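See the structures that follow.
Common to both upcoming complexes is subunit A, partnered first by subunit B, then by subunit C.
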Partner chain A sequence: MADTTLKSVGGFLARQGILVAFAVFMIGFALANERFVDIDNILGVIRSSAILGVMALGVTFVVISGNLDLSVGSMMSFSTIVVLDLHDKIGPELAIPAMFGMTLALGALIGFLVGYLRLNSLIVTLGMLSAIHGLTLTYSGGKNMDIDDKQGTWFGFFGQDEVLGMPVPILIFVLLAAVLTMLLAKTPFGRKVYAVGGNGVAATFSGIPRARTVFFCYIISSFCVATAGLIQASRSLGSQNTVGQGLELEVLAAVILGGASLLGGSGTVIKTVIGVLILGFIQNGLLLIGLEFYFQYVVTWAIIILAVWLDIAVKRGHLWSPIA
Partner chain B sequence: MSTEQIPALRLENIVKTFPGVRALDGVSFTVMPGEVHALMGENGAGKSTLMKVLGGIHQPNEGQIFIEEQPTVMNSPLDAKAKGVVFIHQELSLADELPVAENVYLGELPRKSFGRVDWSKLHADTDEILKRLNVGFGPKDLVGDLSIANKQMVEIARALTVDAKAVIFDEPTASLTDAEKSVLFEVIEDLKSRGVGIVYISHRMEEIFRISDRVSVLRDGQYRGTLETADTNEDEVTQLMIGRSLDLSRNVQHGELGAVALEVRNLSCGNLYQDISFQVREGEVVGFYGLVGAGRTEIAETLFGLRDPTAGTILLDGKETTIHSPIDAIGAGISLVPEDRKGQGLVLGMNCRDNMTLPQVDDMTAGPFVSDGAEVAIFDQYRDKLEIKTPGWKQLVGNLSGGNQQKIVIGKWLSMHPRVLIVDEPTRGIDVGSKSEIHKLIRELAGQGYAVIVISSEMPEVLHVSDRIIAMFHGRITRTFTSDEVTEDNLVQAISGITPEQGAA
Partner chain C sequence: MQKSVLKNHAKEGAIWGFIVLELIFFGIAGEYMSMTETAFLAPDNMILLLKQSAPLGIIALGMTIVMINGNIDLSVGATFALCAIVMLDSMTWPILAPLGNWAIPFAWGLALMTGMLMGLINGLIVWKTGVDAFIVTLGAMLGFRGLVFMYNGEQPTFHLNWTMVDIAESAPLGIPLPILVFAVCIAVVWWIMNRTVHGRNAYAIGDNREAAVNAGIKVGPHMVWNYVLIGFLAALSSITFYSESGSVNPNDGMLYELWIITAVVLGGTKLTGGRGSIIATVGGILAIQLMRKGLGFIGADTAMVNLVIGSILIAVLYLDRQLNRKGEEELKI
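Our next item is the complex of A and B:
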């Protein structure tokens, strides 16, 4: 029966589904265009995925805790604009910590609203998406931001330099992923994030501080956003004030592709990294086979919906729900 | 009706396997028209899998379903309904926002031309069905405003929209009061008299003996036999279910009582409960008994910091203690095994070990990281002590049986070495065999010097495990019994608000 076949294949796919899909895409693109497997191309993809990836690491915590963060895109624009503006005013040494402080304050506000006041995270972060966008435009007076003396600053280090032959954005991404993996998988805090997202009531009944746990997930998310803003600002030493627009959905896509449940309680940092890479390589592959850039949006989301569908189909052993 | 009746529903040799599990191992089952056939078995015996096969949610690997002796394949619950097999579910599947009539005909609203809903026919048809059921609500009432019992009537009304050959009731009385149960049983009698075959799934023996004609028992996915209800008794059925007989006699062994561990003085919480005072000693099990809404669970929630009292004091080991959160309570040595195991007690998607160590995860560290070894050591210790049956600590708690899940929750708190252990509905939804294990465990814990509070809606359970019983009615303690003076009669009086004088008069 079709169901039985789906289940035996599904048993393997359920465990390795996302990697299998990844491999299939990679082989397909490699056959279509050999430049796809060129080492420069691969490093280029990882490098350009690093900003999205760093943001996705933080959102992973929020999603596992059972919440959403749709504010990361406009928050990243804010961080980028602020750090560029302050660079010329107080110098990079002070601009960077000042920008981190302001971004973390935004994260703390969201964390307070969602964690302690128990407001719906979709509403809060959707509102913050818009509010922070307005804040950025107000701050920048609606203008784009540029560093005056682009030759005379070391600020390009985070976005442009290489260390030991590795681009710095990739190093930051890898380092942050390693630290956050340990935090999520190995520490008491990480365990609490899973518990709060898996069953918030049971977590409360076990003496887990639910509000504080959610609060810190948003702090982590905003820290990652600040880091992404730093890389973005450093890469071009100037920026439009809408640079992060739309990234919140791509970030969410990467986290979902990695297999985290939007209901909370499941997902890992490593899976999110894989989700980020899949997204990056698919978009790169589509460009290389000559698909028009704008059409990527359509294909990317088609792939994400397909992935979510397969994931659910494998879990329930049917391609569609017999109950619905 | 001919004397040579053909079965309304027959399952023949049904086999259903899941990876690694033979959930149903050649189960056969026959329901005659006009018969109430009870299906019993412990949790995990295969009842729900059998019903899912019957409802078309699972397809059997082997075996055949017959409706009135016609071989039938069920493709989905809707398909099963169209073929005359209707389910009344434990968890109600109604749309609260819609009126009764639209729920009754959900997905099958009568139509006029151009796909327009034929409202007058809808209401007339629904009204006719509701009259048959003799209920006190109408087609246009909103389902969300109905009581649980009445919602169940809406589900039953749904079943009557088709020419049902067989109706399956899955734990229908779980949230009904006695009066509502009687109404339900009348409806079942009515269905019976119309020649419908009834499958009745329940854990409650008294109900089975009250309404069923035959009882079939499943154990470990296998068919264990069918008994004529009139010719059998609880013992025989229980033995079939668990393979041994069960002792639910009154508890006799009393341990040595120690110092007063917990004392509550004049505790009140708004209109939920008032002026509650009692003591619990080391080594003592105090049972709280009363109807739902009498305030028992609310007292437990207050002691565990989930609900602030409006007046009164809580003393632990003679010292006044303020408790505003579960964290305070746990710190003071009070633990709560909550009434809703799956909703409040466990993170079902987490493994057994992580659930058990959750409250103390902050203390289980080596450097900044959680120590695997320390956690596994705790888990192993309490798995052995409580005899938890699980393939290993990595098993997701959601995959365990109800009894083993409850032991994980109990182990979670025992490993914290509390002073006071509150157990709210210790055996709700747990099968008979595990029930007695949990009861034994509660007695053992008292024997080890824990002060234990047991809250239960089941009188045999309270009588069985408690040293003293506190009866509650409308938020007040009406009487405290020692186990010597309590009888079923005076306990029932106490929870119904009848004072001994009134009872005598």
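Our next item is the complex of A and C:
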């Protein structure tokens, strides 16, 4: 009896390992520096994680469907540059929908290539990473993009303002996370995403439209990227061509940290949010206890591997891999 | 059997056909659109192209092995930068500094050991934990880059030793040293993959890991050796490049892994492992380098190069799929 209790407690700890680790980190940081639990600090961390987080929400869908998206970073640069450029040309009211349209078109292209043509998503999005970067550079002529009249526009709303005391980026992040959670957990579409990622062959034989499901996962991903680009553009009202460079791998790190398997079929939106917050708070906490900024990368390395290892170890019942 | 061998040869040949097309195109287009007097196909220009292909090419050889083995390594760009820092900085250490020029071989040795150590860490984690290689090396990419930044902050690390620069810039028999290093690496790696037990086992493991285990192949040690090898090659690439320039930025080598994987895939190596060829990877690297240089030669900017290479990668993937449609892989739905 006691043994089974122990086992189930152990099982719970292992299953929720990432949450436990998160809690331990938080308590440790809070004891080390009381500024860490200051409400302003917490809001600040979430706010600065919001852009990464919004992108991670979309990538979660793609990963659950059993694919990868390495193009989100350069796609985010594209959205940011386009919306800043169009802001001065056709005004923000038209620039925002136009930017969303263009970004969704890119997402549709990737969705078509991966979903309908069934090309390998790693290579397709690797190619798109390069191609979209080229597109952005062509569009901007390689120059930084700035809004001319930074004082006289309401465009800064999405990145800088607060509503009811909450920064708008956080509100967007929370709202989008809530909507996408509903979509993934409560709708037939969400179940199809899991089915396609879990076992594509079985899903096909069950009459689930694999191609269409994957296609819409990339549409969702590009919608999230466009939203992230909007926040980024609005926050700085000016941008370089490479603003999103390298984000694709950080996004993927957050999604994996949240427990989504790269093989597809597992993961949730909430877990991804936790993954994003862990990355954000650990970065912040390490800075507050006085460690060098770049040390966070080394810690992230260890955390990613430990998190996934723990997950696998619980599933197979052995700590070490059985491979000879 | 005969037919499939023929088909494999045809597929390996495709990349070289593409290179010939590129040469013809840029040779002709260069006549009309170039800003300079010299021809694109001038021997000097071609030698420069080979020399510039060497750093990425040397690492790509290692990536081919790792991918044939069924794994991947996303951390090579960071390893590349880390080895450069160790090499340049170690020459100023109190132990090595008094040695003068004799510090060079020690610095090189330390860089190679760093690369191998990084590969060993990745390999052991992949083997012992059973975590997917993609995740392990994605984490390592962040971690190694963190080490690079912790070394010297955002400052470049530099050390100029003219003897080292002379060695790196030397050209025995009229061929620049980086090309010779690249050539030797191609030969050695080709030999490993085609003439040794280790190479044959690497193919077998990538093709069907379970069958390899059942056949009594020690899967783990082979994977670790391949990671050590790619770490070694990343360090060697770093040495050939930074011995000449003598200065490394902490951002150097970023996105190298993506260029390298692009080249390896263009060369026809399967992401799922089990298939791939060293020589075809060399073709892939040359094709990319020709494209970058050729487009630059006829006046296109980086934007166009990125756009074209990205599109070609997807097109090749599509064509490869179409050509293999009747192959065994399509049995899977």
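In this section, the second predicted complex is superposed on the first by the 311 of 324 C-alpha atoms of A that agree within 3 Å, B and C clash if a C-alpha of one lies under 4 Å from a C-alpha of the other, contacts with A are read in each partner's own complex, and residues count from 1 in each chain.
Note that a contact is a pair of C-beta atoms (placed from the backbone, for glycine too) under 8 Å apart; a residue touches a chain by one contact, two chains touch by 3 or more.
What you see is a predicted model; the values in this text were computed from it and never measured.
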| item | value |
| --- | --- |
| Contacts of A:302 with subunit B and subunit C, given as first, second, both or neither | second |
| Partner chain(s) touched by A:182 [first = subunit B, second = subunit C, both, neither] | first |
| Dominant contact partner of subunit A by residue count, subunit C or subunit B | C |
| Partner chain in contact with A:118 - subunit B first, subunit C second, else both or neither | second |
| Touched partner set for A:201, first subunit B, second subunit C, both or neither | both |
| Touching partner for A:265 - first (subunit B), second (subunit C), both, neither | first |
| Which of subunit B and subunit C A:168 touches, first, second, both or neither | neither |
| Overlap of the subunit B and subunit C footprints on subunit A, listed as residue numbers | 201, 204-205, 322-323 |
| In the complex with subunit B, residue positions of subunit A that touch it | 1, 3, 7, 11, 182, 186-188, 191-192, 194-195, 198-199, 201-209, 265-266, 322-323 |
| Interface residues, subunit B side, partner subunit A - complex | 19, 56-57, 59, 75-77, 304, 306, 325-327, 329-330, 336, 338, 343-350, 354, 358-359, 361-362, 364-365, 368-370, 412 |
| Subunit C partner contacts - residues on subunit A that touch it in the complex | 70, 113, 117-120, 122-124, 126-138, 142, 200-201, 204-205, 245-246, 249-250, 252-253, 256, 262-263, 292-298, 300-302, 304-305, 308-309, 312-313, 316, 320-324 |
| Contacting residues of subunit C [partner subunit A, same complex] | 74, 125, 127-132, 134-136, 138-147, 149-150, 153, 213, 218-220, 254-255, 258, 261-262, 265, 271, 301-314, 317-318, 321, 332-333 |
